[in-house]
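Both complexes below contain chain A, partnered by chain B and then by chain C.
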Partner chain A sequence: MPIIDVKHIAYDYENRDEEGREISYRALDDVTMEVQEGDFIAVLGHNGSGKSTFAKHLNALLVPSEGTVYICGMDTADSGSVPDIRESAGMVFQNPDNQMVASVVDEEVGFGPENIGVPTPEIWKRVEVALEAVGMYAYKDSSPTRLSGGQKQRVAIAGILAMNPKCIIADEPTAMLDPKGRADVINVLHRLNEDQNVTVILITHNMEEVTDADRVFVMEGGKVVLHGTPEEVFSEVEVMQKLRLDVPEVTKLAFELKKRGLPVRDGILTREELVKELKRIHGTYNA
Partner chain B sequence: MFKDITLGQYYPADSVIHRLDPRVKLLGTLVYIASLFIGKTFFTFIPISVFLVAVIILSKVPVSFILRGIKPIIPLLIISVIFNLILTPGDSVIVHFWIITINWEGVWLAVFIAARLAYLVAGSSILTLTTTPTRLTDGMEKGLRFLKPLKVPVHEMAMMMSIALRFIPILTEETDKIKKAQMARGADFESGNIMKRVKAMIPLLVPLFVSAFRRANDLATAMEARCYSGGDGRTKMKPLMYTVHDFIAYGIIGAYLASVIVMRVFGL
Partner chain C sequence: MELTTRNLTYEYDSGTSYAKKAIDDINLVIRENEFIGLIGHTGSGKSTLIQHLNGLLRATKGEVYWNGKDIFSDGFDRREFRGHVGLVFQYPEYQLFETDVLKDVCFGPKNLGLSEEEATKLAKEALSLVGINESYYKKSPFDLSGGEKRRVAIAGVLAMRPEVLILDEPTAGLDPKGRDEILGSVSTIRKETGNTVILVSHSMDDIAEYVERVIVINNGRIEYDGDKREVFQHIDELESMGLSAPQMCYLMRDLKEAGFNTGDGALTVEEAIEPILDNFRRRNV
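Entry: the complex of A and B
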């Protein structure tokens, strides 16, 4: 059974214009996605591509206008299972300051377990384990205001982790961070995915964060326009450029070389891969 | 702008007062404030002073810190002294010129009220100086739980208070940022008369409010995503539990209140 099963969902934002007429705007259109437990999924798209709206559906913060979303077999439209859905699919948001409730780091991490009624000694254990897992245990008595953006985001991830989720949805967690904080947060997500088999859905517009994912979904105008492994997706250099999405520099270089006639293979994502490929081609020419 | 306000600030230290249960400290503060208004003569300031000084020494909070808390209310003190001096009716006139009469009753009342105010601020600042905001709201939540059957949303009020306290530093920083951004575009916050300065605050407050609402919306979403659904069925990571010290403190507070009441009854 897939842990996340999204079937042909659409979502309409209802709004009123200045004269009070109802206007609706379709933010998601026929999105389908299946995620297996332990996957690391990246959802890529521009502002306004519908990726954040999509993320909110995975945590039952929004319920689709059409179609259904199943999280661990539970329908998000069924309000009775919403607490269970939120327990198994935790969500990390973009702004680190706006998602922190408590004035001390350990209380912040304990907030989720408190909400679901975990007994006190067990909360302490979970908080400790979660803070260790994100490498923030040394800061457990600090005030969140004294932490850097990357550290705050790691605390936010620990806050989700303390609820023992099967799945973490990270909605542009690095958008407001410096490069160092960005790398730290992405590393923590990968480590949790590998060590604890937590399913990760990473929503982002940053190409570099996508290359290590198991699968990538590219969204544009509320639709999934491309999906596959990072190699498959970045092979579509022209499609990506048409979507004004950047591909890694090396991939672009490999693509240009291929266009000029070099038999470079598709889906090169790292410098090492390109060097290896060029050496191979060089070898065949000499032979 | 907010540097001088010690009311609401926490002074980290390891002392008996810091470790007391917040419920004890809340009740203690209430009793202390009440005692200031029970007292009608200068003699009552003897037990009150003993109590206040003892608590300050035990709390290990530097006296200068507490005095700094009195600084912002000095204008208020001066106004109250002036009004009491000239407006108190009495016969024992000291000075009389033009339409102003100063008599002994006025002097007595002015000093008495000023002392009351200063003691009030100094004493109540101890509460927040020795208690973290979280423990304070926890204490309020648990201490006021008896109001819950009356449909008073005790948990929600405590939660709102702790979130408000959590966002004070963030909004202060934001105010500073907006102020600098407006100044970079030629806004002037420093010169002009009061009316002009108040008007200059508008371009500061509007973006601040907008951003505060946006933050509130974000936070509500994040809390909902973490299964928050009000106080029912919630457990506590750091539940409040009374220790021997707390019961001793209750005893001392009771004895203190009794002594002040006895003095009042005997007209001292």
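Entry: the complex of A and C
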């Protein structure tokens, strides 16, 4: 059974114009996605493409206008299942400052489990484990306001981990962070994915963060327009650029070198791959 | 035009046990038509520094000089000065408030005491510089896309014709195309108006592509200040400060280690193409 099973969903934002007439805007249009437990999925798309609207469907913050979303087999439209869905699928947002509620880090992390009635000794155990997992245990007695952006995001992730989720949805969690903060957050997500088999859905504008994902979905106008492995998706350099997106710098360079006649293979995502490929080509030139 | 700082130091929570120097003994000279990138990890003091540069914060110690005059000296017109040194905050679109786009952009120049007519003229120029055309003038700022809103907010500062334009992470949260549009506009504006731009950014690739001079701030102190090619040679030191170098710096380093001839200092994809191709041309001769 897929952990996330999105079947042909559409979502309409309802609004009223100046004369009070109802206007609706279709933000999602026939989106289907199956995610297996333990997958690391990336979702790309330009501003306004529907990524965040989609993400909010994965923990029942929004319910589709058409179609169905099943999280661990539970229908998000069934309001009785919502608490269980939110326990299974936690969400990290872009702005770390908007997510902090407590005055001490460990209380911040314990807020979720306390809210669902986990017994106190069990809460503290979970808090400890969660803070260890994101490398923030040393800060357990600190005030969240005194942390850097990257540290705050890791505390936010710990807060979700303390709920023992099966799935973490991170909506541009690194957009406001410096390079170190960015790398730390992405590393934590990968480690949780590998060590604890947590399913990760990462929404981002940073193409370099996507190269290690199992699968990439690209959204445009509320639809999924491209999906596949990072190699497959980033081989479409020109398509990606037309979609207001980009490809990793190394991929762009490989593409430019190929355009100028160097027989570089498609689907190069990392420095290591490009160096290896250039060495290979160099060898054939010498032969 | 010259904007300088001398021994600039600012301490938060002075006199308490939380006292912390956010910036410490900063000495800078900023001249006409420069394109400067200011980088540093979260909490390094970047934002505190730029708030001093247009007189929003007053240093605990040290001074800021505008064309040789201390901006906190008696008789210095700081309101006018803020028209010369314009600061665009992070997420500036949250500061849009007027009923239509043109009115919003007029607010700055009107606030500097200009007439409705003059303000409108400047506002229209500023909007055209950021690529917002007439069809938008009467729209509500809140009906625009994220990238458009941000360009309108930048126009609001540009309309005051600042000689120094400071942008605090102007591309945070924008998609790659929106990012290129904003930085492209800023770059064109600098060429056309001759102003100085200071870009605060966490994206080393953007810094590498657009600016000329890079200032690195770490724990409130300036660690590097120089040509971007020179500064980005210090990959290991930048990493130890929670920063990084542009992707291409790493690639060129790896290629060099693998025995390729990499020329020097390619920072962007454009710059990396030729030096790499050279390796293969030589073999063919």
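By our rule, the second predicted complex is superposed on the first by the 287 of 287 C-alpha atoms of A that agree within 3 Å, B and C clash if a C-alpha of one lies under 4 Å from a C-alpha of the other, contacts with A are read in each partner's own complex, and residues count from 1 in each chain.
The rule is simple: a residue touches a chain if its C-beta (ideal position, glycine included) is under 8 Å from a C-beta of that chain, and two chains touch if they have at least 3 such contacts.
Everything numeric here is computed off the predicted structure, so don't read it as measured data.
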Chain B versus chain C as contact partner of A:L257, first or second or both or neither: second
Touching partner for A:D106 - first (chain B), second (chain C), both, neither: first
Partner chain in contact with A:P248 - chain B first, chain C second, else both or neither: second
Touched partner set for A:H46, first chain B, second chain C, both or neither: second
Partner chain in contact with A:P179 - chain B first, chain C second, else both or neither: second
Partner chain in contact with A:I281 - chain B first, chain C second, else both or neither: second
Which of chain B and chain C A:D97 touches, first, second, both or neither: first
Touching partner for A:E209 - first (chain B), second (chain C), both, neither: neither
Partner chain(s) touched by A:I116 [first = chain B, second = chain C, both, neither]: first
Chain B and chain C footprints on chain A, overlapping residues: none
Contact footprint of chain B on chain A as seen in their complex: 59, 61, 83, 86-87, 90-91, 93, 95, 97-104, 106-107, 110-120, 123-124, 127, 145, 159-160, 163
List of chain A residues in touch with chain C within their complex: 45-48, 94, 148-150, 172, 175-183, 205, 207-208, 244-246, 248-250, 252-253, 256-257, 260, 262, 271-272, 274-275, 278-279, 281-282, 285-286
Residues of chain C defined as touching chain A within the complex: 40-43, 145-147, 169, 172-179, 202, 204-205, 239, 242-244, 246-248, 250-251, 254-255, 258, 260, 269, 272-273, 276-277, 279-280, 283-284
Touching residues on chain B, where the partner in the complex is chain A: 132-134, 162-163, 165-166, 169-170, 215, 218-219, 221-229, 233-239
